[in-house]
Every structure is written in structure tokens, then in C-alpha cells.
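Shared between the two complexes below is subunit A, which has subunit B as its partner in the first and subunit C in the second.
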Partner chain A sequence: MIMIFKKRIPLLLFIACCSVFSEEEPEAEEPHDEQQEENALIQSQFDYSFEDISDRLVAIKYEKGFGNGFIATMEGKTYLFTNQHIILGANQLSFTTAAGEKLRPRRIELSTTRDIARLLLADGTKGFKITKHMPMDSPVGLFGCREAGDEVALELYGTVTGVGADRVEISAEFSAKNSGAPILNIQQEVLGIASYVRKSRTHAMKEGTQFENRTRRFCFRLTGNQWKSVNWKKYNDKFGRFYHQNALFTDGVIEVLTEWGDTPRDRISVVEHPEKSLISWVTSHNQIIKIHGGPTQKKRFAAEYSKSLKTLSDTCARRARQTRMFSEKNKLTGFLRDELSRQASTLEWMAKLLTRISHNAQDYR
Partner chain B sequence: MENRPLISVLNLLCILLLACMPLIAEEEEEAEDAEQTAEQEKLEKKEAMAKRRAAEQEIKSQFKYTFNDISKKLVTVTCDSRRGRSFGSGFVATLDGKTYLFTNQHVIIGADQISFKTAYGDTLRPRGVELSTTRDIARLLLADGIEGFEITRQMSIGAPLGVFGNSAGGGVATELYGKVTSMSSEIIDVSADFVSGNSGSPVLDLEQKAIGIASYVQWSIDDKYGSKTRRFCYRLTDNQWKSVNWKKYNGKYGRLYLENKQLINSIVEIFDTWYDDPFRRMTADTHPDSNIRKWSIEHNRIINRIMRLSDKGVASEHQLNNTNERIQQDLVDSADALSAVCRSRARQMRMLSTQRELTGFLREEFEKFADQLNSAAIRIDRYGKKLGTVKYFRFK
Partner chain C sequence: MKIQPTAIALLAALLSTTFAQDTHLDIRVPDTVESDLFGPIKSIETDTSYNMSTEHLKKVRSYDPSGNLLGEMNWNYAEELKSSRTNYFNEHGSLTEYRFIDHTDEETNYWEIILSPSTRQIAKRNKKTGTTKLRTYSPQKYQVQYKETDKQKKLIKASRTKRRADHRETEYTRIDQKNRPLYTYYFKWDDRGFITKERLRYHQEKKERLHSYDFLTVDAYGNWTQRLMIRYDVGGKEKTKISEKLTIRMIEYFEESLTENDYDF
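Up next is the complex of A and B:
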């Protein structure tokens, strides 16, 4: 007896879902000719360049990464500004201006609602002025460093294309890697801090409009913030590392699922990952493929295979619950609260998806 | 002579190869054609977009004021509820001698917390809520002294207009330009390409006067370039307003509105999944709606039973028929149960829509929900009947 309707593991569903994740932080696109001409026109309005302001641009280095920052004055004091997502979870941070001067911040304050951190610097440090005025269509420049080590200057030009109470949208085509860099006007004043890149989700309503498949780039405004002083070591140890670890876990699961989705009956080759629980799952899953993956034990294989996916689903669900709990802690600033809540939703979604596949894998032959 | 058989074989191979060549060439040609068509489509799309942008720039050039002159009157609306965060737009305008924040009812309904911030950075704190009795508009009273747009009923077909709001929920106000393409006493049809997130945006004329509020978009899924997509704005004049106790009104109907909207989405998702594969297990076992939850658990039990039967196998034709009948009956029962859930909820929605307290917008929404649920029930019944006739198992 055979079944007319056969069960299949929904590979396409997986692949589709993975592309949703990859939409979150798209890479910078190469500007086309017309765009390059337009950018050159905007650049010609700036009478200064990277070299003139390199003493106020900061390269931030940590164990395995690199980010941008800048020095600006606010409320009579001088601060180093960067994004919270750059410094959270890092064990060691070093701050060097693009001109080569080492900086030693004294205290950290976090914006209560936006992804910004300000680090108090010694009096007398030269910083940019901050402005509240950000006219639509006005020319802006993003200045930063491309890499750690021998910092390579980065200059991107564009205009203000959207204005909000706490953020502005600009056309300068920066990538997620450039976050933390300052957005300056032609008077060398800071309009905002490059913070995130988002690709519009496709929808029939957007077809044929400028919002179809559009990559949008947002910068948080520095004015109108509430600041909260934190004991950085404590805050980072408790929440920063958790946030960082979660991000690693989520990325790892996506990596595993992407590979698994291509060849569901093959062994998974992800063997190196900082998240130990994921590696131990991969090991046990590969064991199932090795022992029961042959043609003779189809039923047993289906049962074990399904159980293995359920184990990963349960791990995601457990983490989701823990993350949701953390996101409700009063001590958190708005950025981390929103981020943890977003991570919890992603983990819940992954758990749900894995449960569904695990259910269907019971009949996988 | 000895070589003849070899020559014959070679000839035969050549003939076969020649016969295959056109097939291979045809396949290659088809692939090339498909690539060319895709390239052509991409080019056409790019040209269409460039044309639209040029037309938009031409309209923008007619405006004597800029975005920066009006940024204090443009509002970004952020709503938080148990289901997450959503965004919309709003604006400040004066009507009947008072200053109000205008937005759509569908932007704020069901939200636990709402924040209103101008593009300039100011936070607005409205004092009371009034709802249009017939259109999807809410006006929220603001303190005296706040500057707002004037509202006008004057407009003509072809007149240039600007839509300023939170396009695609980016949290920033953007500018879009277009023309009035048609109008009635209640609604204006415009060519400005507004999208989700723009709901509640002001539609302004050349004199900075509000002629309407961006409210909804109608589109066709087979519309390649968005040319059949129509965008509608409600007029702000000649409305009847009803003052409501927002906390009470929203607590009673807003929650139901969002819950049922989500329920309908879930039913559509369930039906699509089931339609793709009759033996697919459902993942609605933890759904917030208890009826859907119960149905999903029971349905999964049925599927497990079917799978056990499939593994067990049968020995005779008679047993095979019995098994098929059993499966047919199980699936028909499950379809009946799901359509019963839809019908019962449709009745509730119909009843809810008759509540006197409701304004026109929510009344129509609940009626729409009832229609959608009834139509889902009909489709599920039809599918159930089909499932009741299929011979699932047969001998190899």
C-alpha cells in the first residue's frame, strides 16, 4: 500500500525564512552612475574632508570586531558617541581617533530610548557641534573608518530624505558596518548617528513605488534624548553578554537551518561555533544521520530525526522564554528592551517552525 | 566491409545527435529568451519608475512651501500592544475653531499605548477623542495655541497635492507628490504613491491646506507595475463627530477588532497549509483563540491516526476500502469542525456589528470580518467534500 500524498520537509519554507533574516542588515550597494554623479555634486558643497575632521572621528576596536564613533560636545561637556549595539557584549574596548590619538572615556551614559551611548571624555577634547535642525533634502556626509588597524577613510554623501522626532533617513548609502559614524551637514555640525539599515519588505501595495525593494538608512538624532548613567561593567556583564550570546545563537541556528534546508538528509558541517549548546546539538543530529540514515531503517530514522529537531526547537523555546523575561527588566534601556524583545520573537518563531518540521518529519521516509 | 557495422553505428549516432541538437538548442534558446524577457521587464520597470519620479518632481516644483515649513504639524504615531508595535501617521489641523490631531481610526484602535510625536521632535498629548460616525477618521483635541493646517473642501480633478507621512513605518516623515484623480463627497482618489504607514497622513494642496487624510490602498495581485493600484483619502469636511470615552471604547471593541483580525489571518494560513497537503499537521496548538487551539489539537490527533494506519498496512481489498472510508470520514469531520468555528465566529461578528455604540468604521469592519469568515467556511466545506471522495491508499 502506498500513500498518494507524500510528506516532504518544507525546504522552500526554510529558505524563504532565511532570506527574511538576511534582509535585516543588507550590505552597501555599489552606487550606479547617476547616483555617483549626484553624490559628487553633493560632495562639492562640502568645503572640508575626512582629514580636516580626523581628530574627532573614532575607531572602536573590540575582541573580534570594529565600529565607528565620534567626538561631540553636548550640554557643555565633551563625549564620545557611538551605538549601544557596537559596545554591548564586548570584553575589551579601545578607542582611537582617526588622527591616531588614544581616548580614555571616564563614564558611560545610555540613551533611554535610542541605540546611542555617550562616553564622557576629558575637558578640552575637541568635538563637533550638534544641531537640532535637519532640513529635508539638505546635503549630508557620513565620515568614518572602514577597517581597524590602518584606518581607511570613509566618506559617503547624500541628502536627508525623511525626518522624524527621534531619527532621520538619509540617502548616503552606508552599510550596517558603518554604524556609529557621524552624519554631518556642510557646516560640520552633527545631525545624527548612523544606526541601522533596513530593506523594505515586499508587498503588492508597494509595487511600482519608490518603496519597492528599497534599502533605507536611518540615523538617530542626538538631541531630545534622555540619558541614563550606568555602571558599565555590571550592565554589560548582565545584559550585554546575554544579548551578544543570543545574537550568536540565533545566527548559528540560521546558519545550521540554511545548510540543513539545502540537504536535509546530510550531516551538518557547522562544527565550530561559540555557542556550545548548538555544537552539541549538531553532533547528536549528525550521529542520527550516521546511524539511522541508511535505506533500511526508514521508520526509526524518521522518529529519531523528528526528535532531534524537536530538541533544537525546545532549546529555542527555552531561550525565547528567558529572553522575554530579560526584556522585561526595569534596569534596561529602551534599545536593549526592544532588541531582546525582537530576539525573543525570532526565537519563538524559530521554535514554532522547528516544531512544525519536526511534526512532519515523523512521516519522513 | 569489416568497418561497415562501425560506420553504421557512427551514422546512427550522428543522426541521433543531430536529432537531439535542435532539442538542446531549443532549450538553450528558451533559457536565453526567459533571461531576455526578465531583463526587458526589469528595464521597463526601471523606465516606468523613472517616469513616475520625474512626474513627481515636476509636481513638487509647483509647491511654494517645503517639508521644513510644515514639519511641526506632521505627526508620527507609534502604537504598542500585546501583539507588538505598529506605526502610522497623523497631522495637526484646525476645525470648527479648535485644534485637533487627525489620524485614522484603524491606526490607533486596539493599541495599549500610543505616542504622538511631530517630525520636529515635539511630543503631543491629546485631551479627548472624537470619531467620525461614517469615515475612518479620529480627531484628538489638542491644547490651544498649537499651530495646525487649515482644512478646505475646495479641490479639483488634476490638482497637485502632497502627502507627508510615515511611509512604510520607517519612523520618519517623508514627502510624496501626485494629483487628484477622482473624487466624491466623501473620498478622493489620488496618484501619490502612499503605502502602509502613511495611513493618517495629511493630503495638502498648493496653499498648504488639508484636503483629506490618506486612508487606504486597493491593489490587484496581478498588477506588475502598480498601475492598477488606487489610493484613497477621506475628506475632512462634512463629517459627523462622536465623542467617545476612548479607554472604554478601545478596551471593549479595539481588543476584539485586533483579535479577530488575527484569527482570520490564522484561518487563512491554516487553510492554505491544509490545502497544500491534506495530511499536514497544524501548529496552532498554542493559538491564543481557544476554538482554533482545540481544533488544531484534534486535527493533529486525526493525522497521527492516519499515519499509524499508513504504517500498519492492509491485506485485503475490503480492509483497504474500510481504511479509505475511515480516513475520508476523519478529514470530513475535521473540515466540518473548522467551518463550524468560522460560522460561529461570523455570527458573533455580525452581532457585534449591530452594537449602537459603534461608529461606521468599526461597524463595517466587523461586518467585513463576518463576511470573510462565512466565505472561509464555504471554502472549507467545499474542500472537506473533496477530501471525502479521494482514495488515499491503494495497493502497489
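Up next is the complex of A and C:
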């Protein structure tokens, strides 16, 4: 038992560190009564609701997913805005307003530095105004579609809690699934686009302070951007799919290792995952788990177990090298370059740690 | 422009003379006016954070009804009091001394004030170290020069400020120990009396920076209360963002804050 415990220490460390890299966040928690009252007070300042603006809110559907978007005017033209991470890697995209109107964008432009895409719409399409004015503590609302059913409205209220050059932080408790939704002020102007959620690392210094286990929610500002027009099919085929597949692989490895870390001598139950190489590894690893018996079998088990972890480490390392190479391509936008670079760092770290655990596992019984 | 070599001699003269009949207000404008603040300000609590960090720095400044700075306190990121300064005035309202406490190393320093209205200069001398800070003011009472010397009168640092007709700063140049210009700030103002852009040019290396200001909120007296500064490195026509700073000011006034009704005569 003691030996098993020792083996688990680096894994727990690994899992803890994975959360640092992960931008995925917990589901929005149920607000406390006090928070609910505050939100109700903020909501009361809005003289409009989802229904009033449903013609400018957009549900984006692709093969196995769903995202938000919205229509706004910029530089005299009307665009559909969404996050790059929502549309990258998708084969088929469809855009429908919450009021039910199908949209057919003409051209895609990507922000060179932020996780935003804008898709040109036909002249005369009604859109929100965009504002640069976003004082701290001012009331904001996030409006979007909750899930694939376009008609399921989502309204979340809060205040501006941080303002930066390219992003704004808000207190409205949105989750990663609400990405792409607009953040509106009481004048129906867009302050930014809901983009990512980050949970702060637990640290002894933060205990007992307002920053303990704090979840922060960020929206990219639409103003002050530089846009790059792309041949979407080529860009998406070359980079988008790679990015998407990489994200699936990284999340899959984290999922597998999280389960494995809890019960390292048990079978891994993750048998369905879009990333086939991972499932192949799980199948192979589960065969090793079956090895039981006397001292010879135990020795064989340790060797096979160690080898299995090394195999996964090698896969991560290979992916990391490939991802690092992709992240240096000139044609990428700053957002995708940063994302791929982040993915490469995560994979490199995973590979390094798995190698270390694999080495220690040679003594595993 | 070079710092006048006669300044050291002048300072020596200053330090041996007292001007009890004069108040510092005869030489310079009040601190609030010098800082381009508007209205009867009682105190300002300033909260600063960089790059959207959750860590904040806090500073509180208090003023008397004439706009003179009474004291200043600074807190570090751990919300511990880092330093405090207290100004002491005589019965004529003249600044006579100030005390500076560094709470980190628990060191206290007293600075005595020597006035020279005829030359529009104020010298502040550290009683313990002998360091002297000499400020020279324009006929309109705005600071135009600053010079800091050690006990042996050796230059530590200096600066000079250029102002336009309405006294707003247009250039600020920092001078190094060898009396060479280190860098110059060039300021751009808007109609509200806010600096909207600062261009920073380094003289001894090929480097230029730009500070751009966005004012998020302004109160009824016309003072900004939320400001975002973005700092860029400038190279030719390209500029690269290097950091951003959000500053929030909570301003307390001697009178009640102006409301819409105050303008409704």
C-alpha cells in the first residue's frame, strides 16, 4: 500500500498541474442568496430581455457541438461575431438566430491577437452597437442560447470587475459552454465576447482571502482589434482540425490519467473517445492490468506497466514536437499560435512526467 | 538645458537662512492644483493593478482645504502598510517639516523645509543623511526644476519640466548623476485636462515608449476616477503592448459631491 501511495504522489502533482493549463472550468455554481439578490438588482436595471434581442443572438451548430455568437455592426458593416475556438476544426457550421432566422455569412476574418472571429453578413442585417466605454462595476448581462435548442434562453447578470486593453472581466457566472455570447450593457451595447473562464490556483497565500479558489471570467473586447481575412476552408483544414484534434487528445489524456491516478491498479474505463490513439493505448494498458500471479508474473507486470506508461509518454512527446512545429507557422493568427504553444507546453510536461512515473513503475508490484 | 552650477552655492545659502514670514504658498501652487486635480479634495484613495492581476497596490493621500498635502500612505501587494509620510505646517500654513517612515525596515526620516521665495525655491533636507531635494518654481508658481544632492553636494538625480501657457506640462526630462539627460516624457492633453498620451524617449539608448490613457469614469468635479493605461514599446511605425495598468481613485471632497441639482440654478 505504501508503495502504491508513493507512486501516486507524482500523479497527483501531475493532475494538479494539469488544472493550471486547463482553461476548462467547473459548471457555474448556484449563486448564494446574497448573490442572487445582487444579481436581481442588476437585472432590474435592464429594460430588455432575451426575447427583445433574440434576432441578434446566434446559435452556432457543428457536428458534435454548439456555440454562441451574435450580430453587431463594426466599421459600417454587419458581422456575426464568435470565438475562433468555437468554429476551428468544425466540418459543418450552421448559424441561426435565436429568433429562428438562418444566416449565411460571406467571409471570415480572424482577430490577429484575440480569440475572436467575425463573419460578414448581408447589408441591412440588424446588429448590436459596440462600445469602448466599460467602467468598472457597471452592470452587464450575458445573453445567449443555453444549448443546442436555439430557443432555450440564457441570461446571466453581473458587473464589470476588471478592464484591460484587450479584455474585460465580469462577475456574471458563465461557463465555458457559454463562449461566444455577447456581454451587453444596459443600453444594449456590446462590451465584449464571453471567451474563457479561469480558476485560480489554490495557494497558501490566498487562503482566507477573496482570491481563494476564485473563478475568473473573461471576455475579449471587440474594439482595438486587427483583422485578418482567411481562406477559411484552407485555414481550417490545415490548422483548425489539428488544433481541435490536439485539444481532444490533451483532454483525453487528462481524463484517462485522472481516473488512473485514483486507482492505478484498476482497469481504465475510458473506452470511448474521439481520439483513437488514446483508446488504443487504454485497450493495451487494460490487458496489462490483468497480469496476476507469482514473483515472475509480478516482475513481468512491472516491466509491462512501465513500458505502457512510456508508450503514452512517447505519444505525448511526439504530439508536442508536432504541435510546437505548427505553432511556429507564420500563417497562424496570434490566438492560434498561443493556443498551440500552450498545448505543446502541456504535452511536453505530460511526456516528461509520464517518463518519470514510468521509470519508477519498474519497481511497481 | 543644464542644471545651473550656481545652484549648489544657492542651496548652501538657503540652508543657512530662514524665511519665517513667508509661507510655501507664496512660492508654489497647492498640491492638488499641481497634480491637475479639480475641486475641494479631502482625500484620494488610489488602487492600482497591473495586467488584470488580482494583486493590488493602495495609496491614500489627504489634503487640507487649501489643497496642501497633509500626508500619504502606501500599502504593498500583501496589503501591509509599506510607507507613510506626514507633512507638518506652522501657524502660517507654511510647510516646515515632513516625516517619512519606511515600515518595511522601520526606519524614520525627518526632512526639514527651507524656503527661498526670492528665488522661488524650496529645499528639503534629510536631517539624518544630509540628502537635499531642491525644487525651483516658475513665476506662476509651478515646479520647473528638481535637483537631489547628497551630503557632499554630489548630484543624485535631477529633472526639468517645460510647461505651456496654461501651465500644463509638455515635457519632463530626467537627468542622471552625470548631469546628462536620461529620458524625456512628452505629454498630450485633452480638453478635460487629462493627459491622454505620453511619449517616452530615452536619450542614451535607442528606445521609445508610448503610454496611452483611457478614462473610464469621470466624477462631477471633472476628476477621473477610473483610468486604464497601456504601455507600448515603439519601434518605427510598429508598437508592441508590454503592459497595462488599471487605476481606480476614490475621491472624497470637503463639500458634498456635486449632483445634477447643483447645476440647476
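As a convention for this text, the second predicted complex is superposed on the first by the 334 of 365 C-alpha atoms of A that agree within 3 Å, B and C clash if a C-alpha of one lies under 4 Å from a C-alpha of the other, contacts with A are read in each partner's own complex, and residues count from 1 in each chain.
The rule is simple: contacts are C-beta pairs under 8 Å (C-beta built on N, C-alpha and C of every residue); 3 or more make two chains touch, one makes a residue touch a chain.
Please read all numbers here as calculations on a predicted model, not as lab measurements.
Student: Here subunit A is shared; do subunit B and subunit C fit on it together or clash?
Tutor: After superposition on subunit A, which the two structures share, subunit B runs into subunit C.
Student: Touching A:167, do we find subunit B (first), subunit C (second), both, or neither?
Tutor: Both: A:167 reaches subunit B and subunit C.
Student: Would you sort A:126 into first (subunit B), second (subunit C), both or neither based on which partner it touches?
Tutor: Neither partner.
Student: Return the chain, subunit B or subunit C, that is in touch with more residues of subunit A.
Tutor: B
Student: Scan A:77 for contacts with subunit B and subunit C and give back first, second, both or neither.
Tutor: Neither subunit B nor subunit C is touched by A:77.
Student: Regarding the shared-chain residue A:135, is it in contact with subunit B (first), subunit C (second), both, or neither?
Tutor: A:135: touches subunit B and subunit C.
Student: So, A:355: does it touch subunit B (first), subunit C (second), both, or neither?
Tutor: In the superposition, A:355 touches subunit B alone.
Student: Should A:223 be classified as contacting the first partner (subunit B), the second (subunit C), both, or neither?
Tutor: first
Student: Would you tell me the residues on subunit A in contact with subunit B in one complex that are also in contact with subunit C in the other?
Tutor: 132, 135-136, 162-167, 169, 200, 211, 216
Student: Contact residues on subunit A for subunit C in the complex?
Tutor: Within the complex, subunit A touches subunit C at residues 132-136, 162-167, 169, 200, 211, 214, 216.
Student: List the residues on subunit C that touch subunit A in their complex, please.
Tutor: Answer in residue numbers: 49, 51-52, 54, 214, 216-217, 226, 228, 230, 241, 244, 246, 248.
Student: So in the complex, which bits of subunit B are touching subunit A?
Tutor: Spelled out, the residues of subunit B in touch with subunit A are 45, 48-49, 52-53, 66-68, 71, 76, 84, 117-123, 166-168, 170-175, 193, 195-196, 217, 219-221, 223-227, 229, 277-281, 283, 300, 307, 310-311, 313-314, 320, 390-396.
Student: Could you pull out which subunit A residues touch subunit B in their complex?
Tutor: 1-5, 7, 132, 135-137, 161-169, 198, 200, 203-212, 216, 218, 221, 223-224, 299, 345, 352, 355-356, 359-360, 362-363
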